[in-house]
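Since the structure comes first, as C-alpha cells, the remarks are kept for the end.
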Amino acid sequence: MDLITQSLVIGLSEYAPLVLAAIGFALLYRLTGLINVAYAETITLGAYFGVWANTSFGLDFYAVLIPAGLLAGLVSVGTYLLIFRPAKHRSVGALEMIIISFGLSLFLRYGLQLVFGYPVRFFEVPPPDTVWVLGVGVASYRIIGVASVAVLALLLYWFIQRSRWGLQIRALASDEDLAQVSGIRPLVVTMLIWFIAGVAGGLAGAFFGVASSVAPLLGWRQFLPILLIVLVGGAWGIGGVIVVGVATGIGLAAMTLQTGQVLYAQLLLIVAFLVILKWRGRRLTESAKV
Amino acid sequence: MNLDWLNAFLISGLFEVVVVIGLALLLHLELGLARIANFGVVGFWGVGMYAYGVLYVQVDWPFGDPWQFLVCLALATLAAGVAGLLVGWFIADLDLDGVLVGTLGFATAVAIVATTEQDWTGGALGLGGLRFPFDLDSVKSEELVWLLITAAVVAAILFVVWRVHRSPYGRSLIALGANEPLARSLGKPTFRSKIWLFALASAGMGFIGAFYGIMVRFLELSNLGVEITLAAMVGLVLGGSARVWGGVVGVLLTVGLFDIVIQSYLPLPRDWYTQTIPVMREVVFGATLIVVLLFRPLGILGDMRRDKLMRKLHGE
Amino acid sequence: MASDVVAPAAVGRPRIRIQGAAKSFSGRVVVDVDDLVLGNHPIEGLIGPNGAGKTTLMRMIMHSTALDRGTITFIRPDGREVVLSSLPAHELAHQGVVKSNQVIMDFDKLTIWDSLLLASTEARYEQPYRLFSERATFERHQEEIRHYLDFFGFSDPMGFAMSAGEKKLLDIVRCLLLKPTFLLLDEPTAGLPDDLTEKVMEVIKELAAGGTSVVIVEHDLNVIWSLCDDVHFMAEGSVVLRGDPQSIRENHTVVEKYLGEGHV
C-alpha cells in the first residue's frame, strides 16, 4: 500500500508539468501534423523567462508564471512565422520538416548555453512549505503545480472543444481548404495554436525549473518522454494524452522507488512505450493525425 | 619519427573530420537513398565504442594485441549491427514519427545504460585503459598512424557507397525512399531492406565508434550526446544528402572549419577554445541545418543525377 | 477483337477469388463483395459508375487498401491456392499478381532505364554484398527492356519520364517486366494518345494469349468492348451483373442508369 500511495503522490506532483508539456506538444502535433523537436526548447525558454522575471524584477513564483507562459508562447509563434511557415510555403517535405525542427532545437539549446553559460540558474523563491498528502511530504510548489496543470488542462479542453476559436482550430486541422472557404483565417488560427502550445510548454518549463534548477538541457531531457506520451496517448485525443501522461508519471515514480534509480525507470519507460508503439503498428499513423 | 612539425590539435581535428565523414557516408545510405532519418547515429557509434572499450578493458583475454584488438573490434561491430537490426525491425513498418521516436529512444537508452552500468562502463567516471594495438616511439606517431588507418577505413566506406550507387542494391534503396508502396508492388521486400540497411549501416557506425574510442583512449559519457548525430547530419545535408560526395564536402566545410581551421589556425584567446567555440559550433550547425533545408534542400552538390550515371554505365 | 482470342477452359487459368470482402471509409461501405471470381476468361473488364468501388477493389487485392473482413485467394495455373490477403504485399508480385496504377506513380529520382531495370531485377542481385552485379543485371535484362522501349518509343530512356503519358506507360511496362500471371490494369489508357492506346491493347492481347489473366478497369468503354471476353459490372460496392460484352451493352438497366445512350 505504501508504495502505491507514495507513487501516486510523487508521480502526480513531480510529473504534472510533464503532462502539461505533453498537452501542448500534442496540440501542435495533432492540429498541424508537425513533430516539433524544438518544442523542447520552448519548455527550456519558459524556465529561463521565469528565472529572468523572478530574479530581475523580484516577482514571486506565481506572478512569474504569466511572463513565462506569454513569452514562451510568443517565441513559439515566432518560430512558426520565421521558420515553419516559410518552410511550408516552400513545400519542404515532412522528413525535412522534422530535421529543420531538430536543427532549431539544437540552435536554441546551444544558443542559450552561449548566452547564459554553463552555471545552472535557480529561482529565488522562499524554501517551499512541506505539505503532507497521504503521509507523503510534498513541496507546496508541486501541489500548486498539480492544481495549475489540472486547471490549465481543463481550460484547454474547454477552449478546443467548446469555444468558437476551438471550433475554427478543429475545422482548420481537418480540412484547410474547406475551413478557408468557411471564412476562417488560417494564419490567425494557426498562430493561435502555436501560441497556446508555447504557453503550455513555457509554463511546464517554469514548473520544472522551480522544482530543481534551470539549465539549457532542461527541456531536451523531457522531450523523449513527451514524444512517447503523445504518440502512445494521442490516438485517443487530448484525453488520452492526459491519461497516459499521468500514468507515466505514476509509473516512473513507482519504478524509481522500486529500483532506486530514476534512469532505470526511464529506460523501462522507453522500452515499454516502444513495444506498445510497435505492437500498435501502422494504425497509429492513421489515427494520430487529425 | 620526428613529428615536431605536426600540431597535436591538427591530428585530432583531422581525426574528427575523418570520423564524421564516415558517419555521414553511412547516414547518406539511410537518409539520402532510403529517406529514413536516423536521429540516433550517436547510439550506434556509442554501442561500438563502449562495447569495444568494455570488452577490451574488462575482459581477461587469453591473447594480447593485435588479436585482442581484432576480436574486440569484431564483437563491437557485431553488437552495433545487432542493435541496428533491432532498431531497423522497430522502424521498418512505422512512419516518420515512429522512426524519430525509435532512433532517438535508442540513442537515449544507450546513454542511460552506459551511465547506470558503471561496473562495466565506468559510468560518469569514464573508462580508461584503452590503447592502440601497436607500439611506436611516441604517442604522436601512434596517433598519426591511427589517423591514417581510420582514413583508410573511411575511404573504404566511401568506395562502398560509391559502388552502392552503381549497383542494383542502390537502385532498390532509392526506389524504397522515393515511393515505398510502389517498390513493394514491384516485389521489393522493403521492410526487410530497411532492417538490413540499418543493421549494416549501424555496424559501420559501431566500427567507427570503436576506432574513435581507441583514439581518445578514455571513454566518457559526454561522447554519447547528440553532437555527433548533429555533426554527421549537418555535414551530409550541407554537402548534399543525395550525393556520394555530399557527406565529404559538407563535413569538410562544417567540422573541418571548426575543428581544423578555427582550432589550429585562428589566433583566439585560449579559454575560447574550451568554452565558447564548442558551443558556438553547435549553434552554427543547428542554424546551418535550418538554412540549408529552407533555401537549398539538396545541399551544395544538389540532387543525384541518375540520368548522367545511367549514360555513363550503360550509355549509348 | 474479342473473338480473335480463343478462351481456354476455366480450369488451369490463373484466377483470383474474393470472398466476403468488405471495406468502409468512415462508415460508408465502398466495397462489399460476397463471392467473386476474376480470371475465368483471358481478359475481363470491370466497369461501373464513379464510386462503384472498382479501384478500391483492385487496391484491396494488392494490399494497398486494408480489408475490413474477407479473404482473397489466388488460384495459380497449377491449381494451388494462395491466400493473397495474408501474404506480405511484396509477395504478390512474386506470385505473379501485378497491378498498374490509376494515378501516376513513379520514382522521381530514377530514370526510365533505372525504373525498368528495377522491375526486372531479381532479389538476389539486390543484396548489399552484390555491389558489382549491375553489369550482369543489365546484360540479363537489356533485351526485353529494349524490346518494350522500342515498341512504345520512349523519347529519352536514359533520362527521366517527363510527361504524364510517359509515366503512365512506364508504369505499365514495369508491370509487364514482372512477367505477370495475373495482371490488373486500372485505367491503363487514360491520358495516352490513340496510337499508344492501340499498342497497349496489342500487348495486353499478346499477354492474355500467353496464358495471363488480365482484368481491366477502364472508363473508355471502347477499350472494354473491343478487348474483353467477359465484363463485370459493378455498382455500389458489388458486382451486380456479368456477362459477355454484347449482353452488357444490351442490358437496359445498365445502359439507362449508368452508361448513357452515347456509349452503346
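Read from first to last, the chains carry the letters A, B and C; within each, the first residue is number 1.
One rule holds in what follows: a contact is a pair of C-beta atoms (placed from the backbone, for glycine too) under 8 Å apart; a residue touches a chain by one contact, two chains touch by 3 or more.
Please read all numbers here as calculations on a predicted model, not as lab measurements.
Engineer: Point out which chain occupies the most central position, where each centre is the mean of Cα atoms.
Structural biologist: Central by C-alpha mean position: chain B.
Engineer: Need the most distant chain from chain A, centre defined as the mean of C-alpha atoms.
Structural biologist: C
Engineer: Using mean CA coordinates as chain centres, what's the chain A-chain C distance in Å?
Structural biologist: About 49 Å, centre to centre.
Engineer: Approximately how many whole Å separate the CA-defined centres of chain B and chain C?
Structural biologist: The separation of the two C-alpha centroids amounts to 44 Å.
Engineer: Could you tell me the distance, in whole angstrom, between the mean C-alpha positions of chain A and chain B?
Structural biologist: Averaging C-alpha atoms per chain gives centres 31 Å apart.
Engineer: Within their complex, state which residues of chain A touch chain B.
Structural biologist: 35, 37, 83, 86-87, 90, 92-96, 98-100, 102-111, 113-114, 117-118, 220, 224, 227-228, 231, 261, 263-264, 266-267, 270-271, 273-274, 277-278, 281-282, 284-285, 288
Engineer: With touch defined as at the start, can you tell me which chain C residues reach chain B in the complex?
Structural biologist: Touching chain B from chain C are residues 62, 64, 88-94, 98-99, 101, 105-111, 113-114, 117-119, 121, 123, 125-128, 130-134, 137-138, 142, 158-160, 174, 178.
Engineer: Considering the complex alone, what residue numbers of chain B touch chain C?
Structural biologist: The touching residues are 160, 163-164, 166-169, 171-172, 174-175, 177-179, 181-191, 193, 196-197, 200, 242, 303-304, 306-307, 310-311, 313-316.
Engineer: Which stretch or stretches of chain B touch chain A in the complex?
Structural biologist: Going by the criterion above, the answer is residues 35, 37, 39, 90, 93-98, 100-102, 104-105, 108-109, 112-113, 115-116, 226, 230, 233-234, 237, 275-276, 279-280, 282-283, 285-290, 293-294, 297.
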